[in-house]
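Some structures are shown below for you to check.
Below are two complexes that have chain A in common, paired first with chain B and then with chain C.
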Partner chain A sequence: MQKISFALGKQALLSYGKSISVFSFVFEIIYEIKNFFLQRKITRLILIRQILFTGFEALGLITFVAIAVGGIIILEGSAILPDFGQSKLLYTILVIIILRELGGLLTAFIIIARSGTAIAAELGNMVVNQEVESLVSFGISPVLYLVVPRVLGVVLSMIALNIYFNVAALAGGWFMAYLFAPIPLLDFLNKLFSEISVNDIASSFIKSLLFGFVIAVVSSYQGLQVSFASTEVPQRTIKAVVLSLIWVILFDIIITAIMYLV
Partner chain B sequence: MKFKLRYSEKIVGTFLIVALIIIATSTGYLLLHNKVFEKKFLFKAKFGDAVGLSSSTPVYFKGFKIGVITDFKLTDDNFIIADLKVYEEFRKKITRNSALFKSVNPVTSTSTIEFLQGPENLSELAEGSMIPAIDIPEGEILLAKNMVKKTGDPLNTVIYNLAAFSENINKDNNVDKGAFFRALVNLADAAEGMKKITDNLNVDFESISKPDKFGKRPLASLVVNAANISDSLRVMTGLVNHSLMRLDNVLTVYSQPEGLAAKMIDPDGKQIIEPIHKTLTNLNEAILKLEKLSDFLITQQDQFIIVLKRIVETLDEVQVTFETINGGPFIGKPKSERKK
Partner chain C sequence: MQKLEANNVFYKKENQILSDFSFSFDEHLYGILSDQQEENSNVLKVLAGLREPDQGNILLDGKNVYTTFQKKERAIRKQIGFVFQYGGLLSNLSVLENLLVPYDFHFPEISLGEKKGKISGFMALFGLSEKILNERPAKLTISARKALLFIRTYLTEPKIIFYDDPFINCNLQIKKTILQLILKLKEKQIIQIFCESIDEQLYELADKVILLQQGKLYSSNTFKEFKKSNSEFVTGLISKLLAE
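Right, the complex of A and B next:
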């Protein structure tokens, strides 16, 4: 009994310590963002390359997935909805699934798979190679120099990719709808915009902003948690992926609940 | 990769700017589409219930979105008062004695509100005035006075009219309460009586084709039965005639402008009510003729009996004649042999 209490207490203290560590890390990032804009010349290149890697290079994959998803939704909807006499709900479903939910989630998943793992592995290797220690010895904040440009890069890429995803998915939906029953693009857009509310766009924007921030922070934190051994790097990378997925889904539920239920 | 690194700034800039343009254009188009910047005129809408209502339920007039419900609350007298914002473009369409029709989609539980414009020669309704829905007394009055005419989804209209019809026909203050159903019950009784008569007729026709077990001829009893049947037929025909006349009366009552059946089935009375009326009139005439025919048959009953009796006598005489011929010396055997 005493052992169990001891183990539980130890675990609680450890969790508390971790939470404090994570929260202080998040607050440090937020604080350093201000400094980033003051000294942006130093880390500007890192930011641009992060956007290039996370955003631009993922554009092809995102577009392909989005067109396929949009087309599938229309395909499934066209098969089921007319049976209930509810064909007009096709646009509502497209908006709800793409704009409110899948757009943000799928983009986040792709970014986790591509960039989250890359950030965690890169920072982990830098710790193993004592590059981070060198920065500290020169008086350069590793958070400002390494983490902030990655966080901003991932957030901006996430927002931009989410927009491209939504556009591509709706285009895919129109294309599939056009194959079944030719409908002019303008009519399609009119019907679509009848179903979109400002809330939907705001929700999509907030989600992509938060998802990007969560992915970058979790991945950076896990990367910097590597101690000495290079074998820790893949472990931390996997942990970064798992935790990013969990946090993204949790935030998705919270934002959806706040935007549409409260 | 080298190309990308060399032009990374331009690539990233284009990547972000295009995304920014897309989101800005979409938001702008959405705001224009939702007429966010257009001037709106506030009216009050009154509904019987809030089923399917939301704070952004659109209001349509002839397929055009003319406004939107923005807020609604339950009043002390258990009605729903909602804020209806009408776009400037459609302000002139809101005339006095207009009404609203709310229909709820059974699958999505969302409602569609249709604006039913009052007579066009009336002046515009003042801003802030109340527009009743047709599911509350004020709206029902407008509908009954034909100030507004319901259009929209035909299925919804039929369902709505059926609901209103079934509700109104059972109201205690309705002079015709139950008349329609009484007429139907009478008609059913008459049909049942007719069936019995037909069954009797069948039995009689079967018995006519078989010889009686006592060896008697059933013709006489058939004539008597026919007389009874025609008498019953006359009574039942009278009953059917009476029932149809009552049904005709009920439909005539409902075919009047404020009648419920007419609103449900045929607002103009030209498509269904008039043809039904003509059919019933023709049926009535046919039944009267049938009644006359049955009366004639009854009067001719004695003559039939006499004729049949004479036929029987004649046949007896014919039988005797044939027997005589058969027993004659030229064809048949001698009389002495026949006696043996």
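Right, the complex of A and C next:
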């Protein structure tokens, strides 16, 4: 295993100036996750800070967006669906849009905007300031010390924020429904839960896990691709955002398609 | 006896930085003086295993120093210290956290109290206040940051130390401390290799100075002997250094 890692990840660690394959990079991350737990003493702090930044500090924005989106869906649905005699579909639409699609996607977009950019810019500046090279000189793998805690932090935060987004959006939906046609919370929840399937929950979980991984990997990879000039940092940050968006949407399509096929 | 051996090393970026360079470094203080002064950092980084040579290898106790990192051979990496010319301190960590990163990595068995004690000793030696231990590097003077690079390296007691322009950005007190420490380590027969572009003092103290001409080994001797040389190349290099 170590030999394979050596061969594949060879370029990923030292040759910041050279082009390295994303495949080698991902392989190295997966390999180093095991070592991350062995080296908790030096890596724990980075993980905690990443969770605080990506997860905790994003709560305000997530709350606002989630409640607003949940409310808007109910508002639009209540205005349009009765015209087609389909008022009963309101909860189905709310569950499908929030749990299966928007919850994961919007959380991912917020994480890309806040944490993806921060990771790419921070790692890029660390390369310029020889911070990454100093880690190499101690014999510490930059992937182990810098990338793995960020990947784990973003993935865990993404899962937690996605759950939080879903709950907040559904709460926003109830609040809006209550304003227009007061409905007891218990009735609302009963109708809602009757629409939620295991597939919806699984789809939401898998998406948040994958989105978190993709955002952290793409952003870290782009950050470490900076070679020596600080002018490269914004360029790489933009690339991290664009590629993260593309990959997140692609994975969303693939998982949604698989879920409908299963 | 510990030895660092460079065998037919070639390394090229825009210029040929090392060309068929072979040299055996044993437990002494070495200075490298090159006609491509701007490439000094790269020369040291290749020798320290931070850059991969295009050809040839650098061996420490028979092991390739570049691949030891790739293979995660911590025991070998622990023996090599590198003092960077600038930067190198992790900007998102406090000074104490910075000093503890390599220390915790290589010596997890030592207690935090003991580590802090050793750090305090070095801080006092460099005339740095312990109050800065909780500050981020960006808040410190350039001179203090440079001193911290030395402290971080000395804490793990490596057997080979590379210094990239050790006196650049140093105030007088820190320079004096560094000189004392280098001489102390010289007595302890630690392999020390440096490139210096603004001060000839360290070259005077070096056991051997290695002259590089377009990346090729030109000659190696004491600085005193080189000063007597009539060679145009040697006098040119020395006068350039003295002019700085």
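One rule holds in what follows: the second predicted complex is superposed on the first by the 241 of 262 C-alpha atoms of A that agree within 3 Å, B and C clash if a C-alpha of one lies under 4 Å from a C-alpha of the other, contacts with A are read in each partner's own complex, and residues count from 1 in each chain.
The rule is simple: contacts are C-beta pairs under 8 Å (C-beta built on N, C-alpha and C of every residue); 3 or more make two chains touch, one makes a residue touch a chain.
Please read these numbers as outputs of a predicted model, since none were measured by experiment.
Trainee: Of the partners chain B and chain C, which touch A:Gly55 in the superposed model: first, second, both, neither?
Mentor: In the superposition, A:Gly55 contacts chain B only.
Trainee: Have a look at where A:Glu122 lands relative to chain B and chain C in the superposition and call it first, second, both or neither.
Mentor: second
Trainee: Go through the superposed model and pick first if A:Ser137 touches only chain B, second if only chain C, both, or neither.
Mentor: Touch partner of A:Ser137: chain C, not chain B.
Trainee: In the superposed arrangement, which partner chain does A:Ile159 touch: chain B (first), chain C (second), both, or neither?
Mentor: First partner only, chain B.
Trainee: Once the shared chain is lined up, is A:Ile30 touching chain B (first), chain C (second), both, or neither of them?
Mentor: neither
Trainee: Where does A:Val198 make contact in the superposed view: on chain B (first), on chain C (second), on both, or on neither?
Mentor: first
Trainee: Is A:Phe84 in contact with chain B, with chain C, with both, or with neither (first, second, both, neither)?
Mentor: first
Trainee: Just which bits of chain A does chain B share with chain C as contact spots?
Mentor: The answer is residues 49 of chain A.
Trainee: Which residues, counting only chain A, touch chain B once they are in their complex?
Mentor: Of all residues in chain A, those touching chain B are 48-49, 51-52, 55-56, 59, 84-86, 89, 156, 159-160, 163-164, 167, 190, 193-194, 196-198, 201, 205.
Trainee: Under the touch definition given earlier, write down the residues of chain C that touch chain A in their complex.
Mentor: So the residues of chain C in touch with chain A come to 45, 48, 50-52, 67-74, 76-78, 80-82, 84, 86-93, 97, 100-102, 104-106, 108, 156.
Trainee: So in the complex, which bits of chain A are touching chain C?
Mentor: 2, 6, 9-10, 13-15, 39, 41-42, 45, 49, 122, 125-126, 128-131, 133-141, 145
Trainee: Which chain B residues qualify as touching chain A in the complex?
Mentor: 4-5, 8-9, 11-12, 15-16, 19, 22-23, 26-27, 29-31, 33-34, 56, 105, 107-108
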